[in-house]
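You will see chain A twice below: alongside chain B first, and alongside chain C after that.
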Partner chain A sequence: MKDLLASKTRTIALSLAFLVLVLMPPFYSSYWITLLTQMLIYGILAMSLDILIGYTGLSSFGHAGFFGASAYVVAILSTRYKMGFVSCLVGGIGVATAISMIFGLLVAHATGVYFLIITLALGMVLWGLAFRWVTMTGGDNGISGIPRPDLGLPLSLKDPLTYYYMILVFFLVCLILMAIYVRSPFGHSLKGIRESESRMRVLGYHTWLHKYLSYVSAAAFGSVAGVLWAYFDGFISPYNMDLTASIEIILMVILGGPGTLVGPALGAGIIVFLKNFISAYTQRWLLILGTIYILTILYAPQGLVNLIRDWLKGGEKKTELKGIV
Partner chain B sequence: MAKTETDEKKDCTLFVKDSVPCLVIENLSKDFGGLRAVDGVNLTIEQGERRVLMGPNGAGKTTLFNMISGVYPATEGRILFFQKDVSKLPPYRRAALGIARTYQITNLFPNLTVAENILMACQALSRTKFVMFRPVTSYHHLRDRCDQLLKEFDLWDKRNELVKNLSHGDQRQIEVAIALAGKPHLLLLDEPAAGLSSAETHALTLLLKRLDPKITILLIEHDMDVAFEFAEKITVLYQGKFLAEGTKEEIRNNPTVQEIYLGAE
Partner chain C sequence: MKKGWLMICLGIAAISLIIVPPTAVFAQGKGPIKIGFISPLSGGMAANGKDMLTGIELYLEEIGYQAAGRKIELLVEDDEANPATGLTKTRKLVEKDGVHLMTGGLMASTAYALAPYIDSKEIPTTYPIMAADDITQRKIPKWIIRTGWASSQPHQPFGEYAYNVLKFRKVSVIAYDFAFGWECVGGFQKVFEDSGGKVLQKIWVPLTAQDFSPYLAQISKDADAVFAVFSGRLTIQFTKQYKEFGLKAKIPLIGGGTVTDEHALPSMGDEAIGIITPLHYSEVLDNPANKKFVKAFREKVKKAASYYSEGTYTGARWIVEAIKAINGDVENRGKFMDALRKVDLKDVPRGPMKLDNYGNPIQNIYIRKVEKKGGELQNTVIHTYPMVSQFWKYKAEEFLKQPVYSREYPPLKP
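Presenting the complex of A and B:
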């Protein structure tokens, strides 16, 4: 009966998502389409961080760095060198992934608070680079005027609705790839590291390598979001990759439910919406962010998706996740 | 290309001759700062032997296990596994050679199900553990091994339960099950019966006696009944040093052992 209820809820949730994301957008105002596009891009970013936080049990405070790095690569390649979409996409993902391969060597031996501090420091290095390497990045002013890509299709991506549907395709592809990834033998090994790294080592896992690959794949998926964001906003500045940006992504993951992929995407939607909605009334966005964080930790430390899941199960079994907050 | 399990284990398995001892420990020591936890221990264990390691708290038994399994590097001395010096190898390489262990304090994956715990151990030594874009449940040789272990250890009915929701006795069973999943040559059991009721202890002893006689087993055990029932030969450590070795009678009648371990009359 409970299972039936759960599968019924799942069907309802899926149909609702299909309705809101696929069928209805042509009838939305351009404000809502833009907002939905932002939600999906940040959804990809939050899901990619979930690989680290929810599945591997490592909280990274520098994830926005990879988002920013790929966005800057797109900005530089498309404005200065007039490169096309595919080159920018490959370049953005390639550079951000390459950076994560170097950073990974430094972070993969750490866990817990040490991991958090090292990733924070490395995230700040990328932010500092964007801020100070003025000749390349434009410093504080950032880079503006990134043109929407021309895919040679009869449809123009300058149209918000067309661009929205392109992002939706990217989002779904990333969601499916990540969903398979976390259910793969490798994804299974990451859950083992989250639960007990010492046990994994004596079972025969080279846990350093697994954590390294987890870090790199999270960065690779996150950099997809960076590429899409650069084209979406047409503008990139150091503020897209500072510490606050990294913390916002963590909040998306924790609010939605770590270790669920869909949860962080939902969390991203809520945070992006609130940010847009609240900033129309007040400048004190960070204050609201902090309040949401505290409320989540107090009342839904396992995240919204797990909260709903427990509630459907009848609340007798609480989902617990360790090593996240 | 279908890979069999033996193919995957080939490069991990040592060439095993019958005459060679399974494990030789030469003059092994471990310092923690100023404290010498293990002090010049020598030990030889033949293939297929069952050996019990005894000693009061702080004797260095678990430290010795940690050194054999590679968790701690040895300060001095060598560990030879089938004549191969493994002293400098990291834990995962030693596991690949066939050294498995359990923990005195249960060390499992609490938020995963029983089946997922066993599966984690089954795929540990297979190369498929690096596959990223194919579901783990699609590997039939892993699932078959997993199902076999679940049935062997009488955990089949509980396979979809989260490990943290199981009783202590069931968790101790899983400790042993996941150590056996990789078909080890040497099994290090660190007080497998810790915290079990006498009925559960009895069941566990029966289970251990049923294990493949080719597996060499080194067992740390405080419970005399289990120890004496399980092994022909017993080694006693005391304050990090080797104290005595012999059959149960020899150990029982050894005056020093009686004094420090069994309690002086």
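Presenting the complex of A and C:
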């Protein structure tokens, strides 16, 4: 009975998601389409951080740095050098991944609170670079006027709906790639590190390398979101990659459910929606958002998706996630 | 299984209700005129943002939210002083709420962030506060005019004043390390040096600074005066530490308009007395429009009227005059935009103002000195430069050939 309920919930959730994300958008107003686009882009970003938080058990406080780095690369290449979509995409992901490869050397040996502090500092380094390297990044003013890509198709990506479907494709591709990644033997060894790094080391795993690769791959997927965001917003500034931005991504992961991939995407959707929606009704919207965060930590620290899963299993087995929050 | 399908149908129905707009949104009849407004209502800049909101509300209350026979609706959003949020909220106001006009915004970075989007949506927009020079100089958007000021506008005449009247020859600069600071300093330095003076050093302080000691220690002993640009918390802290360092007794302090603006002045002590700054407004300007405004403002929120509140108050008047000029036909955006460019006001609190060909106001610049009268600090006007353009006495074409004022421009002279 319980299993039936669980599978039924899955079907319902999937068909609802399919309807809302694939079938219905042509009927939404342009505002809701842009909101959904934002949710999906942040969804990719939150899922990429989930590789680190949920699967490897490492909380990074500098993830927005990679998002910002790739977005800046796109902004600079497309406005100053008039480069096309493919070179911007490759450039953005390439640069952010290269940065993460260097940073990874510094962070991969750390765990717990040390990992958190080092990633925080490195995230601030990227932020500081965006803020102070004025000739390249425009400093505080950021870079505006990034044109939507022209793919040479008959469809214009300036149209919110077309751009939305492009983002949806990217979202699904990233989701599938990440799902394969975390279900692979490599992904399982990451989970092993999450549960007990010393045991994995004794078993003969090169845990430093695993953590290094996990960090780099999270950054690479996160940078995809950065590229898409730069084109979506047409604007990038240091505010997109400061500490607040990094913390927000962590909250998306925690709210949705670490270690589930779809959970963080859901969390991203909820937070983007709340940020845009409540603020129209009250000036105290940050208070409401804060309350939601606190309630999540108190009553659903395992995240919404895990909460529902546990509930469907009849509370027999609580999902436990060590060393995350 | 049946239950599952029922749930799916219900879910779709619920989501469609939320997301799909009723057709009424598309078919806009002659409903109210919607004005979208953004300003920081939370975070470190919230005090300034709230002053802005009070200003626009005050004027709209005065006219009973009515113009040219149509109701005016004000839609307010919080931009957290973050350009990315400002853009998101503007998008919401334009695409979801269907506003006829956008206004507001505080940070210079927000000014640049919004411009491409505004132009792509062709929404008439006014900037009552955001002062980024290039919005009306080198990167002029089609659909935006400014009813506020350009950052360098008051500081250019002040450069001349500092040399000719205050007789300073060598000045040290300490200012915000972002576009607003650079542009204020650039305007001052350019004219001060063209007059014959010399800027000895430029000390840049990040927005996040907690303590001024390391910066104050760098100030040259040879300076005749120190030119500072800060606002909000930092200007209060700066003037205080400037005195504590014993500098106030040795080197006179002058500064950008926001240093002694009324948003911060009531929180300052006697250390502020004697600071000389330029701006296009002072709370104690002696004209009937200003007296009426200040009285109403002080009654409404029990605090001093700052240039932020005068900016949106006059900005709202500007918008309403344009609405009247086209008999409320704001749906005709091109006509509305033309009307916004043509407004010419003689009797607003700050004095007369009209737009130049680049969309920036030509207006009086007041040189103000902080004095204590009746137990309260105030910006007493000691000199007025009438009808100053953003290009000061330079020819616009030649002025625009130089780069926008920045951390590197104008460079320090050897």
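By our rule, the second predicted complex is superposed on the first by the 316 of 325 C-alpha atoms of A that agree within 3 Å, B and C clash if a C-alpha of one lies under 4 Å from a C-alpha of the other, contacts with A are read in each partner's own complex, and residues count from 1 in each chain.
The rule is short, and it goes like this: a residue touches a chain if its C-beta (ideal position, glycine included) is under 8 Å from a C-beta of that chain, and two chains touch if they have at least 3 such contacts.
Please read these numbers as outputs of a predicted model, since none were measured by experiment.
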{"item": "Which superposed partner A:248 touches (first chain B, second chain C, both, neither)", "value": "neither"}
{"item": "First (chain B), second (chain C), both or neither touched by A:16", "value": "second"}
{"item": "Partner chain(s) touched by A:285 [first = chain B, second = chain C, both, neither]", "value": "second"}
{"item": "Touching partner for A:50 - first (chain B), second (chain C), both, neither", "value": "neither"}
{"item": "First (chain B), second (chain C), both or neither touched by A:185", "value": "first"}
{"item": "Chain B-touching residues of chain A, taken from the complex the two chains share", "value": "177, 180-181, 183-189, 191-192, 194-196, 198-207, 213, 217, 317, 320-322"}
{"item": "Touching residues on chain B, where the partner in the complex is chain A", "value": "69-71, 90-92, 95-96, 100-101, 103, 107-112, 116, 119-121, 123-125, 128-137, 139, 142, 162, 165, 178, 181-182"}
{"item": "Chain A-touching residues of chain C, taken from the complex the two chains share", "value": "1, 4, 7-8, 11-12, 15-16, 19-21, 25, 41-42, 75-78, 82-85, 87-89, 91-92, 95-96, 107-109, 112-113, 115-117, 120, 132, 178-179, 207, 406-407"}
{"item": "Touch list for chain A against partner chain C, complex", "value": "8, 11-12, 15-16, 19-20, 24, 27-32, 34, 38, 134, 139-142, 144-145, 158, 233-235, 237, 239-240, 276, 279-280, 283, 285-286"}
